[in-house]
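In what comes next, subunit A is part of two complexes: it sits with subunit B in the first one and with subunit C in the second one.
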Partner chain A sequence: MRKSNLIGSYAAAIFVMLIFTLPILWMFMGAFKTPVDIYSIPPVWWPDFSYLENFKALLAENWSFLLNSVIITLGATVLCMIFALPCAFGLVNFQFKGNNFLADWILSTRMMPPIAAAVPLFMIFNGMGMLDTHAALIIVYAGFNLPFAVWVAMSFFRNLPKEIIEAARIEGCTWFQTFWQVALPLTKSGIATVSTFVFIFAWNELLLALFLTSSDAKTFPVVISGFSTLSRTYWEFVSAATVIQVLPPIIFTLIMQRHIVSGLTMGAVKNG
Partner chain B sequence: MGQVELQNVKKSFGSVDVIKDISLDIKDGEFVVFVGPSGCGKSTLLRMISGLETMSEGTVGIAGRDVTDVQPSEREIAMVFQSYALFPHISVRDNVAFGLKIAGLPKEEIDAKVAKTSEILGLEKLLDRKPRELSGGQQQRVAIGRAIVREPAVFLFDEPLSNLDAALRVQMRIELIKLHASLDATMIYVTHDQVEAMTMAERIVVLRDGRVEQFDTPVRLYDRPQNLFVAGFIGSPKMNFVKASPGESGAVLLANKVSKSIPGVVQDQLTPNMQLGIRPEHITYSHDSGDWQGTVTVEEQLGSDAFLYVDVPEIGQVTVRAVDERSFTRGDTIFLSFDPERCHLFNDDEQRIN
Partner chain C sequence: MLDVSDAAIITKKPPRKNTLSRDERKVRAAFIVPAVIYLMFMSIFPFIYSVYLSFYQAKLTRLHKKFFIGWDNYKQLFSDEVFLAALKNTFLLTTSSIILEVVLAFICAKVFLSLKEQRVGYFLRSMSILPMMITPLCVALIFSYIMNPTLGILNYILSGVGVEPISWFGNPNLALWTIVFINVWQWTPFMMLLMLAGLVSIPTSLYEAASLEKARWWHVARWIELPAIRDVILIGVILRVIDNLKLFDLVYITTRGGPGDRTELLTFFTYRQDFAFFNVGYGSAAAVVILVISIIVTTIAVGFLRKMQNA
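The block that comes next holds the complex of A and B.
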């Protein structure tokens, strides 16, 4: 490639990268600015990173909501996997009348916009006395992610060589043992991929949390949305809270990254 | 102990009948091979015995017990797959011990059995490796080890050697024969390779289109094929076929020219469009006289043997096996005859007459 072309490509790449990263960078900077710096013109380009008052004030009042987010997200991810993995394994390996229809039907439930379910869910949990509880959000998040999780897990189980499942059954495994001892260990990367997506969805969800929680089980995204009030938006707290909010998905994704890459490409190539 | 009985077994996938009413009786300790062209249903039949495939009709009995509705895990069988189907996430040792652990045997007993099996198959040095670190032949050995360690009543092999190279295949073939002799267990083996079938089997089931064409010993299949399909399928190079019609007083007229009496054939059995089968080694040849005259088109020299492909105007191409023969080359004129005692006559329904 000619030198001028190369420079052009790099310039284009950097330009696109800036479009995506600048808002995040600006938010990151904002987390370390005083309220005065936030609104100052010309802007403060390089804040004092030793200024941690925003974080301190934020966490002092809201740490319990961050804990709520952690509990609900992990709970929903685990609950979703507990139901999705056996379901997907069964749909792939059991031949019964209507199993394709059932799989399609499961996916179709994902087509419903969450807002359509918000009011009915509110009424159901209200009737059961479960409003503003961890359990309610865990159930809802797990439920909303089940169709996606089942479908992705199905593609991983489908990619397992049929003979390996058959060999396990000949060797004396029950269906559960086949699932637990053979299918699960061989689809680790798939499980990592699905659980990462479910984790990120549950961690970032705002709408249903707004509807179903008020104080005890309020999650962190709801807290962030609360910083925008009628009188003013507390940008310094929004920034600091958002920095905290984006950290767990990044850490979780980094841990799972090795698996996710192989998980996303699994099945792209025969025997891959 | 390990006899297998199939009674009126049928299998359909939708409207397609894959197995059409098969009944077989396999004796305890026998080595039986299912052979046939691809799509004949041999693997399906094996999978029905294993329980991995359900049956549309009929019953399967293993070791005197009706197992038609019994799960594969409870049928006292072991199976070796074409792809080996080892569990890639566990070591060779755990692969071999897998079934024993599932059965809940005590650890000392498992260790003893795994040690004994790996000694038989020469796996001792591989026990701590993962399957992906083994060659194809070693993986196949592990798969066999996993099967024999459980001491099942019946072994099922689904084309186990077809992923190996030719030399290794011959070696494994011999080892499997030895293994059968030492274990004295019933083995059912599926292959499309008739050489494998002929060399390994005590009895062979020849299948075509979901039906049993013949169930017999290798020698009987070769010497007395019951129909045209078996005659053409067993033997390499293939048997030669010549059109035949009824001649005078029980004789048959070959290619409208040569009249021959076939021993054991009477006039009543003859039909208008018969086929006479002659194996390449039962055709005699000479430079100057015979029933047919032809031209050598291809000469295949194997050293000890030679195969001459001869173009005979009345018949078409004829294959001749010539032992220690080097006097014919391409383009030579050759005269061919055959021994009526050693030929196979098939009627219009492709069934054997003589």
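The block that comes next holds the complex of A and C.
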């Protein structure tokens, strides 16, 4: 390739990168602006990054909701894995009638719009006195991510050589031992990827949290959505809260970019 | 459908399947059944309950007093202008977003493909896919901030070249396209990643042959690149259709369906019926309509994803 072409390619790539990152960066800068600066026109282009009052004021009032988000998200991730991993292992290793049908059905539940389940779930948790509890959201988030987790887990259990499983069985391992002592340790990195995805999906969720929580178990996204009302938006809090909310997914993306494609397509597309 | 390795195992030892001991069966069921029951609770139960509720006039606040009204909710739904607007807007949003995403993603993918230096390209690419990983809630807020009519930086920059302040979310003819724009911004990186996965599988010898033949770029795109990425595009499109049917955060934050019903979408319409007006019977009917659309798309999607995964 000619040198001018090469420079052109880099210029184009940097341009693309800026389109997708500048809006995020602009919001990040807002988090470090005083309530006066954030409304000033012409804008303050470069804030003083040692100004942390927005974060302090935000967390002083809302740290418990951030904690709710962490508890619910971690709980949902663990619960989801407890159900998803054995199921995926079984679907890959046990031959039975309806095996594929079952896997398809599981996948199809991933496509269900959460809004269609919102009222029925509201009823159930209302009936059980579980509205506005951590447990309710943990159950719901784990359940909604279960199809995704099963399918992606299936794709990496399938990559495990059949001989290893057979060898373990011949050595006298029970299925449970084969699963726990052989299959799981060999698929650690895959499991880490799936769990991280489930964590991010649960961390990002808003709609069901609006339905199922009101005060005690309110999650951070619900708090953020409350900063923006039709009458007034508290931009200094919105931007500080956005920084906190998007930091975990961003860190994850930068670390695990290789796994994102196969993760988001349920293992259907391998990484480029 | 069975893949090759499954078929091989079955032909090797067919009798074992039916001669499992009862204990063996129980052990195997213990792996799979809990997740299946969980999912039934999460999907089949809500589905049946929504269908049931959609035939009643029911208020969320007093559910013990509900009346059976047959198909009335559905009849009302399809003569409700707001719902029809929601259907139309959801369709417009879905199709236009996806078309734009595919075209722009192809251009972006080509840009990243042309980078020769691995580490720099890798870094630029990682940065470019950040939008799709952050919650739509925050994306909506980021753009409300940037596109705010008075304090937003976009109108400020535009005023520098003499453009009058634009009400991005308040102008009835513009609002839906603003939503489409934000949606495209967030999801183009996803489509781009998929395409890159397909494009890197093309052997360089094909490109070399094409340049020897003096093929124009559109010939290369049509006869070499498109066949290689057709399947991944299809997967991306299917997943994006399903995601767009669920789209909620964006409208909830930016326009709340307004101005008028110009950005009313199916999910938001249902949400409002359920939780602002407490009309859960009517809301459930709307939810059932969304479900039916999703089921149609899903049936196509599942068969396709299975084919890909087994390939």
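Everything below uses one rule, namely that the second predicted complex is superposed on the first by the 249 of 272 C-alpha atoms of A that agree within 3 Å, B and C clash if a C-alpha of one lies under 4 Å from a C-alpha of the other, contacts with A are read in each partner's own complex, and residues count from 1 in each chain.
The criterion applied here is as follows: a contact is a pair of C-beta atoms (placed from the backbone, for glycine too) under 8 Å apart; a residue touches a chain by one contact, two chains touch by 3 or more.
Keep in mind it's a predicted model, so treat the numbers as computed, not measured.
When the two structures are aligned on the shared chain, A:Phe32 is found in touch with neither subunit B nor subunit C. With both structures placed on the common chain, the touch criterion links A:Leu186 to subunit B but leaves subunit C unconnected. After overlaying the two complexes on the shared chain, residue contacts for A:Phe237 are found with neither subunit B nor subunit C.
Once chain A of one complex is fitted onto chain A of the other, the partner contacts of A:Tyr141 are absent, as it touches neither subunit B nor subunit C. Applying the stated contact rule after C-alpha superposition, one finds that A:Pro161 touches subunit B and leaves subunit C untouched. Contact with subunit C, but none with subunit B, is seen for A:Ala118 once the two complexes are overlaid on the shared chain.
The larger set of touched subunit A residues comes from C, when the choice is between subunit B and subunit C. Once the two complexes are laid over each other on the shared chain, residue contacts for A:Phe65 go to neither subunit B nor subunit C. By the touch criterion stated above, A:Thr174 is placed in contact with subunit B and with subunit C alike. In the superposition on chain A, A:Phe55 contacts neither subunit B nor subunit C.
Applying the stated touch rule to the two superposed structures, the overlap between the subunit B and subunit C interfaces on subunit A comprises residues 174.
Across the complex, subunit B is touched by residues 161, 163-164, 166-174, 177, 181-182, 185-186 of subunit A. Residues 1, 6, 9-10, 12-14, 16-17, 19-21, 23-24, 26-27, 30, 38-39, 41-43, 83-84, 86-87, 89-91, 94-96, 100, 102-104, 106-109, 111-123, 140, 142-144, 146-147, 150-151, 155, 162, 174-176, 179, 200, 203-207, 210-211, 221, 224-225, 228, 230, 233, 235, 238-239, 242, 245-246, 249-250, 252-254, 257, 260-261, 264-272 of subunit A are the ones touching subunit C in the complex.
Here subunit B touches subunit A in the complex through residues 50, 52, 71-73, 77-79, 81-83, 85-89, 98-99, 102-103, 146, 150, going by the rule given at the top. By the touch criterion stated above, subunit C contacts subunit A in their complex at residues 1-2, 5-6, 9-10, 17, 27-28, 30-32, 34-36, 38-39, 41-43, 45-47, 49-50, 53, 60, 63, 108, 111-112, 114-116, 120-122, 124-131, 133-138, 141-146, 150-151, 153, 156, 185, 188-190, 193-194, 196-201, 232, 235-236, 239, 242, 245-246, 248-249, 252-253, 256, 267, 270-271, 274-275, 280, 283-284, 287-288, 290-291, 294-295, 297-299, 301-303, 305-306, 308-309.
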